[in-house]
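Sharing a structure with you now.
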Amino acid sequence: MMKINELVDGTRGKFCALISSLNKGVTAKGATYLSFVLQDKTGNIDAKFWSPSADEVATLKAGMVVEIDGEVLSYNKQLQMKINGVKIIDRSTIDLNDFIKEGDIPRSQLKANITEVINSFENQKLKTLILKVMEHYELDFYNYPAAAKIHHDFVGGLATHVWGMMKLAMSICECYPSLNKELLLTGVILHDIGKCIELSGPVITEYTVEGKLLGHISIMQAIVAQVAKENGIEGEEVILVRHMILSHHGEYEYGSPILPMIPEAEILHYIDNIDARMNVLAKAYDGVKEGEFTSRQFALENRAFYKSKL
Amino acid sequence: MMKINELVDGTRGKFCALISSLNKGVTAKGATYLSFVLQDKTGNIDAKFWSPSADEVATLKAGMVVEIDGEVLSYNKQLQMKINGVKIIDRSTIDLNDFIKEGDIPRSQLKANITEVINSFENQKLKTLILKVMEHYELDFYNYPAAAKIHHDFVGGLATHVWGMMKLAMSICECYPSLNKELLLTGVILHDIGKCIELSGPVITEYTVEGKLLGHISIMQAIVAQVAKENGIEGEEVILVRHMILSHHGEYEYGSPILPMIPEAEILHYIDNIDARMNVLAKAYDGVKEGEFTSRQFALENRAFYKSKL
Amino acid sequence: MMKINELVDGTRGKFCALISSLNKGVTAKGATYLSFVLQDKTGNIDAKFWSPSADEVATLKAGMVVEIDGEVLSYNKQLQMKINGVKIIDRSTIDLNDFIKEGDIPRSQLKANITEVINSFENQKLKTLILKVMEHYELDFYNYPAAAKIHHDFVGGLATHVWGMMKLAMSICECYPSLNKELLLTGVILHDIGKCIELSGPVITEYTVEGKLLGHISIMQAIVAQVAKENGIEGEEVILVRHMILSHHGEYEYGSPILPMIPEAEILHYIDNIDARMNVLAKAYDGVKEGEFTSRQFALENRAFYKSKL
Amino acid sequence: MMKINELVDGTRGKFCALISSLNKGVTAKGATYLSFVLQDKTGNIDAKFWSPSADEVATLKAGMVVEIDGEVLSYNKQLQMKINGVKIIDRSTIDLNDFIKEGDIPRSQLKANITEVINSFENQKLKTLILKVMEHYELDFYNYPAAAKIHHDFVGGLATHVWGMMKLAMSICECYPSLNKELLLTGVILHDIGKCIELSGPVITEYTVEGKLLGHISIMQAIVAQVAKENGIEGEEVILVRHMILSHHGEYEYGSPILPMIPEAEILHYIDNIDARMNVLAKAYDGVKEGEFTSRQFALENRAFYKSKL
Amino acid sequence: MMKINELVDGTRGKFCALISSLNKGVTAKGATYLSFVLQDKTGNIDAKFWSPSADEVATLKAGMVVEIDGEVLSYNKQLQMKINGVKIIDRSTIDLNDFIKEGDIPRSQLKANITEVINSFENQKLKTLILKVMEHYELDFYNYPAAAKIHHDFVGGLATHVWGMMKLAMSICECYPSLNKELLLTGVILHDIGKCIELSGPVITEYTVEGKLLGHISIMQAIVAQVAKENGIEGEEVILVRHMILSHHGEYEYGSPILPMIPEAEILHYIDNIDARMNVLAKAYDGVKEGEFTSRQFALENRAFYKSKL
Amino acid sequence: MMKINELVDGTRGKFCALISSLNKGVTAKGATYLSFVLQDKTGNIDAKFWSPSADEVATLKAGMVVEIDGEVLSYNKQLQMKINGVKIIDRSTIDLNDFIKEGDIPRSQLKANITEVINSFENQKLKTLILKVMEHYELDFYNYPAAAKIHHDFVGGLATHVWGMMKLAMSICECYPSLNKELLLTGVILHDIGKCIELSGPVITEYTVEGKLLGHISIMQAIVAQVAKENGIEGEEVILVRHMILSHHGEYEYGSPILPMIPEAEILHYIDNIDARMNVLAKAYDGVKEGEFTSRQFALENRAFYKSKL
């Protein structure tokens, strides 16, 4: 069966996809239609179902896996699917992983890499703090995306982002040996784990009520305080790690209640930004030709980036 | 012996005071002199000691109680003391409370008022949350100032500020009955208790390292999470109280990582502001004549306020 | 006949409504259609008339009362009416008050409450100033909305808002006795009367040319200056009331050319905000279920508010 | 007797001056000294009186004319006078105009120029409005400065500034004939007359209480409304002139509650800026050599300007 | 044949136009349609072609001249053309100038006026600098628009804008004789010539890649540096002209890396603004009736302007 | 002879130093004194000369090397020298390098490292561009500081900063292989060479007139354009390098007229920041004890940084 990244203008036929979002609309004539975003492991595509039955309108929901019968059109330079029929697929008959984007590095590899670094720590307080947090959150840590939409928005995205930052952190510590490498790496590993509570999960990711009312920064800061207290971890390490989590967005208006006041917090903020921006840019350039510009990128201060011919 | 609020231009003689700050200076001729802020229960005054002995330079410290021999001058419309001699007073011979400003309402009365309201709560989760926090922090809660400098900067200032806000909260709940009064009052009582960790104490108040690196908002949010978990308090109450603490500064740039998203959080922010501003204004008008303006008030967006003749 | 707040998905039939706004549109096929907002005393609803006659396109206007024959659909979670026919109702046969939202407190009661407070004033200058302004504006004061859209947007909204603020003002003066209560109440009563010139009237409310070019703040400030001069009212009262009117928006960017410089002006700004925001929130929560969020509220810095289960 | 603009490093002797400001200070040794700004028609100079008698400290006040015996030093590249003795001069024996800076154009000439333009008006409403305002304010209009400090801060400065703007206005109307020249000129003539109430007068200029609490923009807007009403001037002219006065600062943060909404208001704002800035620059360049920069100019966004060699 | 400015609601028939932009759309039913902006010398109009053939969809492009068969509708108070048929016109048979808006002053006249001023220069360095730049850019200088959209967006718009500014510059130099007129005029003439590289040309104007990546300010600054070096022009003139070009946008956020630091640069910024704004206003008022407001003008801080009845 | 970094509270005697700044002052008694900043290779110290002769006041200038006879005091926790006598040293008898701070890496080593990277380039256009620029600026490139004050303010600071950035650039390119490493390195090497014109030189560094009026960003952009044209280097490389130079400050308000639009420009901005900030922090921590905070750092958004005990 076809995959989404194989579709081109004019393709007709059937393929399976996960409904990643679904909205009802009304045509000028008063008829109800359905707007989908469909996804599989290879990508996603917008789709319109102009003539659903009343039953289909009532039954279809985001999160379902469906078999689509349709044809592909090009609309404003973007592909769009016109749906002729939809059949719901029984979840028990498919492997959901076939419908979910994943990063370039397998999750097992990410886990091996990150664990190896943690095991090498000499500072036992930092090491224990990470391991105790991981006792609760390891499963989600390797499954969650790093954000609902902006960057690393795929299964395993959070760990992919953390590993990208860890590599940067280790390089930069070689350039500036006065930095405390294990403190910085602890900040990198823990800084975003609050997202495992802020967000609903790796598929059809949304903000939870707790996530909206507290935010991942404050959620994680409280978890670190609690894990440290429960495990008798004391000393400056705990305050500094809490400080790094609180300050890693780097500016008040981005939700950090405190700005970086140690070099490791300053660098944590920088490498968080670099890795997120490189991921946003990679997505933005996807499908752009040399000599042209990307669309405006909200996460990059609304700039359009040029794809050079070099 | 004279009190500080009795001093006028030309007063000479001896009086006792607490050194609330002390800085060394060097005159144009290279001689060392000492600049003090002196305080007792009735107020404070700047003082200069132009010819301290080397021994006095080495010995005198902020926090000491001293007997001053000096005379009062008027300098740029403000009184300043010129010190002729300083004698250190043995702390065991004096009652430190004689040297510390206190609010208009005695602390015992504040405690009675606030406790009565807590005891009247019908929501047992909120009531337990407050009482369990108070088990750890009650002593400091009734002794700490509400801020190092800006407003309610006196022993018992925190509880004075909280009681002022509680009265406002109860009035406003009568005007808008849809507000959840006990939730709002819980926010009022707990919102600033993190200052008991952020600040060093009721006398010679400074920021602690933990206070600077985490801030009272995040400190308190983590305490509430922990107290709730330790005492098995669950449900939306805990998240809403944490939300109110996080959002009570009302704007990102004032250190709230999350903005108010329930009406009680919005009102908490407003009455915190009103009570703090009314206290700043009361201090600013002190000594200003009708028909004149106060000095510019940093905490009031640098405005000078007019003292009307009405 | 049905009222708008009785309509549900699927309702068919006839009902009467005031056209509160009307726009022409063109379908993709080039046909003209009409978009209405319809209102009666109980609420309002969007409506589409897909096939009006050329005569209907030319005749129908905002401000008319009409009998609608139609059916109700649910579109993006909001009700929308599909109109099958429209009949214009002769204004002389209906009571326009049946089609206009009103506040919870009857206007006669608002007038009795407010008048009682004015009559109790001891300061004769302030009392005379209010009464002389009311000679010209009393009728509009009790009929106008407090704003074209944002808050208290109903017949009598201005007086409802003023009475809400007066209750807050009297409560807060009890908490802070140094405030001049009659000065503050004068500011509350007069601060928004310029809206009777800035806005076109209680129904189909729009900004007037004078309102756009001058603004209600400056209009009212000039009226107070003039009324004072014509009636020989002199002294600081007049300047302070003008100051309170000018400064009540509290920030330059919200149209106050001067910021509050007396405590009563500062409090006026705060209670104006509190009462307006509580009204915006009440409207925003209308129809929202517990555990869900309101839509984003432009007047509340674009925040969505949570409806708690407590 | 010497004039201030004749003083150089090393000058000793006597000269007469107006005390334009005076502050008391205390030396490191505790002695009282006096800091003056002294002025005559030719300029001003800072001065220090290190050893005044107690009597002199009590008697000397800003606004007095005095005979100074002193010597001139150069301090941080600026001249400063060291005062050896001060003698108060009886005001009845001197002509205050000898101590007050005046503009380059005599006030009689300014009055002739401006009056000629007013008399040429064809629009009788605008002409009457100006003439009726002038009945009350003409004397002050030709004597007041345009600002307390920033620009045109000399006797007649207001009229000098207005005449500078009128010339610009007439030039620009030739470039853009669609502008209504008489409307624009009315705005130019009236826009700043509120300063005759906002400021205390042409000598030792300070802000009045009314000026601080209302601001010249709002004061003048109310005067125009009142003068128009008293003289039966109606029609759009009055609203447009009030609009131009309200909007002439061009931005909310500079105290305009309304932004320009007619081309004449936009141009009024621009030429007010151009004429004020050219005056600030002329003062800033005074004494600066070619190839050097002026000091930073607060009124020019803190920029330092270069004096070119061309 | 009809001209665009002759079209009214209901007009039917044929006329010729240049396609100034063209976008594909898809109707709710999935059919492809085309949206045009059509222009001729007299104006432009939006147009929809609801039923193009597949061949027409593939062939029609912006920049073509076409004969349109259609009818005019009024939609939201704006005219829109419904196209029934399109015929491509051979470019060799028409004069493209018939389809391009031009300014009120013929380009030959602009050239005569500007050249006369240049020839009158006494400063030979400035004169040579202008003439050498013109050797490369004169043709484009008299053909390019001053901006892609905002103001003076027509053939010859750049020279029209420059000439408007030159007249202002010469007037203002008469009001303030200390300004160096030839320096200011050099800045006026050269300041925007970088747009001849930043923009693609006078028809269907777009930003070039070089324009987007460098901006006209930096492009022109480098050209002046190079032309000066190649022609041996040295001295302060070159630096001052480069400074004026760099600073003419007047604020960092509008793309000036340096703010004005000489009076001529300050004035250049002001007159650039005045002339551009007067042109924006003239376009905005086009078709607006007395007593009404223009639409909101993005280039004028989103204000709507009032068309007075005076 | 003593070095500056050997001085402690109480040191008396003679030592040689370069006068890095010098200001005249006047004591309260009217006597002239001199304030110095003195430096040698090991550091700098503030110094006061309370009783210079008239001849010394006239002769001493910043940039001279002098022998100081004095004693060291501690003032507000900072060392200050009290000068008893000053003797001017003949420049021909000393090696100026003994008085100038240098970085940790010898300049010869920096040159070897940077040259090796340039020689390894495969892209001949970029390589030629760098080499041709270096023909003119190599000497200054290895001698200039990277800034007058903020960071890398020592002889060779510019090259030290560039080499620090090159190491970062090469590390980051390994993490993100899609980056064009040679393009990024070209940006790193050339981005700040404009400072060789913007600043006066490696000793007593000040801004030049050209530097103030144009800025190093615009100066360098024009140099690259010119060098490319003179050497026939064409193609996208030149525009991209000019773009990187223009955009490397990353925000309009920091003087970039264009924001980064290619990934290499975005990264250039980030590593410029990281290396500068790490240098500022290293200087700020100098002399700060564990458990204490640095002074507020203007270049780090006015934050004070904590020196942890880890």
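Each chain gets a letter, A, B, C, D, E and F, in the order it is written, and its residues are counted from 1.
Heads up, the rule we're going with is that contacts are C-beta pairs under 8 Å (C-beta built on N, C-alpha and C of every residue); 3 or more make two chains touch, one makes a residue touch a chain.
The structure displayed is predicted, hence computed values, not measured ones.
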Steps in the shortest chain-to-chain touch route ending at subunit E and beginning at subunit C: 1
Mutual neighbours - chains that touch subunit B and subunit D alike: C, F
Interface residue identity across copies subunit A, subunit B - same or different by half: same
Reference interface C-E: repeating pair among C-D, A-B or B-D with over half of contacts shared: B-D
Centre-to-centre distance between subunit F and subunit C (centres being mean Cα positions), rounded to whole Å: 61
Chain centre separation (subunit E, subunit F; CA means) in Å: 44
Touching two or more other chains - residue numbers and ranges from subunit E: 28-29, 209, 212-213, 240, 261-262, 293, 306
Touching pairs among all chains present in the structure: A-B, A-C, A-E, A-F, B-C, B-D, B-F, C-D, C-E, D-E, D-F, E-F
Residues of subunit C that touch subunit E when the two form their complex: 23-26, 28-30, 209, 212-213
Residue ranges of subunit F touching subunit E (in the complex, touch as defined): 209-210, 212-215, 217-218, 221-222, 225-226, 229, 239-240, 242-243, 246, 252-258, 261
List of subunit F residues in touch with subunit B within their complex: 27-29, 33, 48, 50, 73, 75-76, 80, 82, 291, 293, 306
Footprint of subunit C on subunit B - complex, ascending: 123, 164, 167-168, 171-172, 174-176, 178, 180, 183, 236-237, 240, 259-263, 266-267, 270, 273-274, 277-278, 281-282, 293, 300-301, 303-306, 308-310
